[in-house]
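Heads up, the next two complexes both have subunit A, just with different partners, subunit B and then subunit C.
Here is the complex of A and B:
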């Protein structure tokens, strides 16, 4: 479920290609791999077609999900008049915001502590923050459900928030850890030589340097949590339910075209957020944001 | 970046000398601050993650009371039930589907990663972003769109019928192939990213050398490119296998009642059957399979690394 897990660290996207060698080739041109390119084209078509179908039929004037009759916004209208779905939207936004704030605060602190803490605590923390990354969400969902029931906590938006924070901390920490490790600790020490306390050095020197990565991970977590279904499904109460859980029930027990409209809006939202997460490091004049996803 | 916020402004001039006198101590004070930063996240994860996993293990030995609520116990019945043919078949099927999914993802991801990493020129970054972005679209919505596309009278089958690749009664939905198609669509990006990274890192002059030594494109690919990117492929297999094994949405949307996977069983025990101890036992079985897979992968990866550094 996570792109940031044990993938070996890739080199920066801008790795220099041995271009001169290629040009020096004696016989013939470097052939284009026709087969690989054909597979890639088919892959892209199949990757985007399902999404295109959802978007297209969200504008269908008829109830049909197979025949497009004409353009209309009636399903969007239906969504904005559906108080249950709007309640779910509100809950999802609330859960995502809280989970984002909570996991960023805990995750950034953990990343800082992990990198600088060479003791046994650091080793233990480094180990347990990796476990969620290799645990399927359904296991995390079952475990959270059992814990909440065991502690006698009523399932509602609060339990979803707790579970989502738990799920998200690892992502924040993984993203931030390499950034923290790349910082030059001498800059912090210089600040302290100039009279800053350890805390001031952290707040005024280290955190500003980490800001792009922190913002990017915050946006990423918001998008992941907003779209998350499995954990929400296991930890939510009956009413209200997060939007993803409503979508699940709607798809499973008879599809209303309204779902296409909701799906399209969610697509637009996530794509905007991910674009933002990729663009943030660039905006700060750093390397491209893709290494964030490919698991540096 | 750091220069933008002058530290000086925040520090009263008077305090400066006093603080500097205390300088021999920062390592001790520093260690403490890092501990305080590590603690909250560690405690949170220990309580809400590690403890809850242990609770799943404990409940799998439990029983249910008259109301269907779980009770702790020393009951081995749930673990024994896992050997029941009905459950065993589902577990074998899940394993088979997840493995097949990994293989198909490998077959798709190799050409795609190859074409994008080595032949896309300046569009490389845009293309890889175009692969990653849909992955962040809602999983359910994507899966639903995919099921519409692969429906019995959907566009894909209509095209296949028109070109004679599918008969009038060929189905994709409600077959095992439908489930695998769903899993592949859901998780193929996890295979492409590490493979892409490995190809980026690869020394392309190796491919040139292979060609110069009269290796055909296929031979060069099999004996040069594949071995050079083996680690990326290994990471990709793990990243696809883990979520595929635990998925229950694809089996529901694409497979119907005869293609259920272990995730569907777990869901059923918790939401419909109300047998949490048995659900916990199934969860433990799932976790066991994944830990074994993970362990095998890590051992293999370490061996590869040891060989590479020798």
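Here is the complex of A and C:
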């Protein structure tokens, strides 16, 4: 899945927009905006039908992927007895956690540095920071692979982690940067005025002020890395493989309904995380969950 | 008042009263080649309420930041109670600051905000609690201890900022336009309160403001700054009644500035009357000068014997409640403002109307004559 995927919710909002216009033109008659409704319905069907099918057939009692015979949890049971898939799940969780921690620490530091370094160095670093966001992921993947091979590094979960951290820093920095810029510099000065060293001021005042944005970006990175395929595919070793890569390998030899169960579980996990990321800023009393994307 | 709230004076009063609490010794500050502050020499006495007054960009905030340790002087030295602190960071200086934006820590409660400095210093917890409690009483924030700053009004946040600085019992408290964000009524009230608190704790206050009313009402001494220099430094009465420069005369309240030529102890206005101002030793005969006199120093009736009196024509009458301002033309294009109090004895029907010719009287001592 590509990185923008966790934010499908805002897009459909634009579809019904013609409705109020039409109403205003035909005053009094109040015709239903049939076309807009139809477009919206088609949009949602195209978007969610395949996902709904995966969820539905994960509960199928038969092996068929076209006929739903009855409800059962046998594919979930199969998954929890599949040591290879479980190994992949474990690796994916491990990679996601490390990538999350690593990219948050480096990304926050980078955001602080970029905002506070007003010189040329900061400007250039800010531009370079954007490069991973616009580079096609496959290019990043191939480049990482060539780098690791060139350096003679054996591909395993470590190389995936390095690649994912590198890739994720930019997201953290983009989210944190505007928050850091919005901080009142007098607050940190006040801490120092009251006897704190620079480091204490950062730890006791600045980081707590950034905490909602830090948590939101951490959750986002976890979700992005967990279901990342392209980068993981190029940088992983043979065994274990990250879950997304393992699923891809599996369906080349025919689709097992177990995959549907795995997909459903991943979906549930992702939804929980994204919901958490959206809820965090609100829990801290800030406005809107939109911060995830814009950092505003 | 609880006894603990009053004790800060004890810690600072031990300092030798003859040693200035703050001394700026030929301090300059350059930013990218331009001078924000130029060769500043100031002594601020212990316990003094000292104001740095000036328009924005005059260097008053930069001066304050150099005392606080947030800006390094390009030249000169900063001394606190006789000790050179020029090279010390803010956390090593015995001063605290009330910031213009208040700069409260939003994630901490009011009590934790106020206790922040004491905690940094390693003051034992029971003592922190006691001193924070006393300070909350002093700034009248009783019952707000556990609230978060975001839930407070502007005036309350201001008090938290003040308490957070004062609780550390600094030798000097720096205040950077602390009342600027408050509305007029609250500002007046806080002016009185700040002054009272300053008297109670006995700490030296260095107060930055661009509001001349504020500086006049609160300060023991005022330094009027312009272009990185101190134009004049003295008591509020000194700088208001006896301005030494055109800038101070114009900046401190309203002043009439009339251009003319000085001759024989009078200022001659082109096409108008000669205004006697008395002998001015420093001014050469026949030199071009500006005469400055405040509107409230011009009399329109009940002249005293020997007072110079000239004629003028009322051009405008501006009534503003307790006072009425008359704009009076002395000569074509030369208008002065005169302020009359609308006291119990003044009757509305006695007010002059536009076009009437009136007599203006003044005391030459109230005239400031500045050569070009």
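The rule is simple: the second predicted complex is superposed on the first by the 257 of 296 C-alpha atoms of A that agree within 3 Å, B and C clash if a C-alpha of one lies under 4 Å from a C-alpha of the other, contacts with A are read in each partner's own complex, and residues count from 1 in each chain.
Everything below uses one rule, namely that a contact is a pair of C-beta atoms (placed from the backbone, for glycine too) under 8 Å apart; a residue touches a chain by one contact, two chains touch by 3 or more.
Please read all numbers here as calculations on a predicted model, not as lab measurements.
Trainee: Just subunit B (first), just subunit C (second), both, or neither: which does A:50 touch?
Mentor: First partner only, subunit B.
Trainee: When the two structures are overlaid on chain A, which partner does A:209 contact: first (subunit B), second (subunit C), both, or neither?
Mentor: After superposition on chain A, A:209 lies in contact with both partners, subunit B and subunit C.
Trainee: Based on the superposed arrangement, let me know which partner A:107 touches: subunit B (first), subunit C (second), both, or neither?
Mentor: A:107 contacts subunit B only, not subunit C.
Trainee: Between subunit B and subunit C, whom does A:186 touch in the aligned arrangement: first, second, both, or neither?
Mentor: second
Trainee: When both complexes are superposed, which of subunit B and subunit C contacts more residues belonging to subunit A?
Mentor: B
Trainee: Should A:200 be classified as contacting the first partner (subunit B), the second (subunit C), both, or neither?
Mentor: Both: A:200 reaches subunit B and subunit C.
Trainee: Can you pull the subunit A residues that subunit B and subunit C both touch?
Mentor: In subunit A, residues 187, 189, 191-197, 200, 204-205, 208-209, 211 are touched by subunit B and also by subunit C.
Trainee: Going by the contact rule set out above, which residues of subunit B touch subunit A in the complex?
Mentor: Per the touch definition, subunit B meets subunit A at residues 1-2, 4-5, 7-8, 10-11, 15-16, 19-20, 23, 26, 29-31, 33-42, 44-46, 48-53, 55-56, 59, 70, 108, 110-112, 114-116, 119, 124-125, 128-142, 144-146, 148-149, 151, 153-155, 185, 189-190, 193-194, 196-198, 200-201, 203-205, 208, 217, 231-232, 235-236, 238-239, 242-243, 245-249, 252-253, 263, 266-267, 270, 276, 279-280, 283, 286-287, 290, 294, 297.
Trainee: Inside the complex, what are the residues of subunit A that reach subunit B?
Mentor: For this pair, the touching residues of subunit A are 1-3, 5-8, 10-11, 13, 15, 17-18, 21-22, 25, 31-33, 35-37, 39-40, 43-44, 46-54, 57, 65-66, 106-107, 109-110, 112-114, 116-117, 119, 121-122, 124-125, 128-129, 131-132, 134-140, 142-147, 149-150, 162-163, 165-166, 169-170, 173, 187, 189, 191-202, 204-205, 208-209, 211, 223-224, 227, 229, 234, 244, 247-248, 251-252, 255, 259, 263, 266-267, 270-271, 273-275, 278, 284, 288, 290, 293-295.
Trainee: State the interface residues of subunit C toward subunit A in the complex, per the touch definition above.
Mentor: So the residues of subunit C in touch with subunit A come to 68, 70, 89-91, 95-97, 99-101, 103-107, 116-117, 120-121, 150, 164-165, 168.
Trainee: Can you list the subunit A residues touching subunit C in their complex?
Mentor: Spelled out, the residues of subunit A in touch with subunit C are 184, 186-187, 189-197, 200, 204-205, 208-209, 211, 285.
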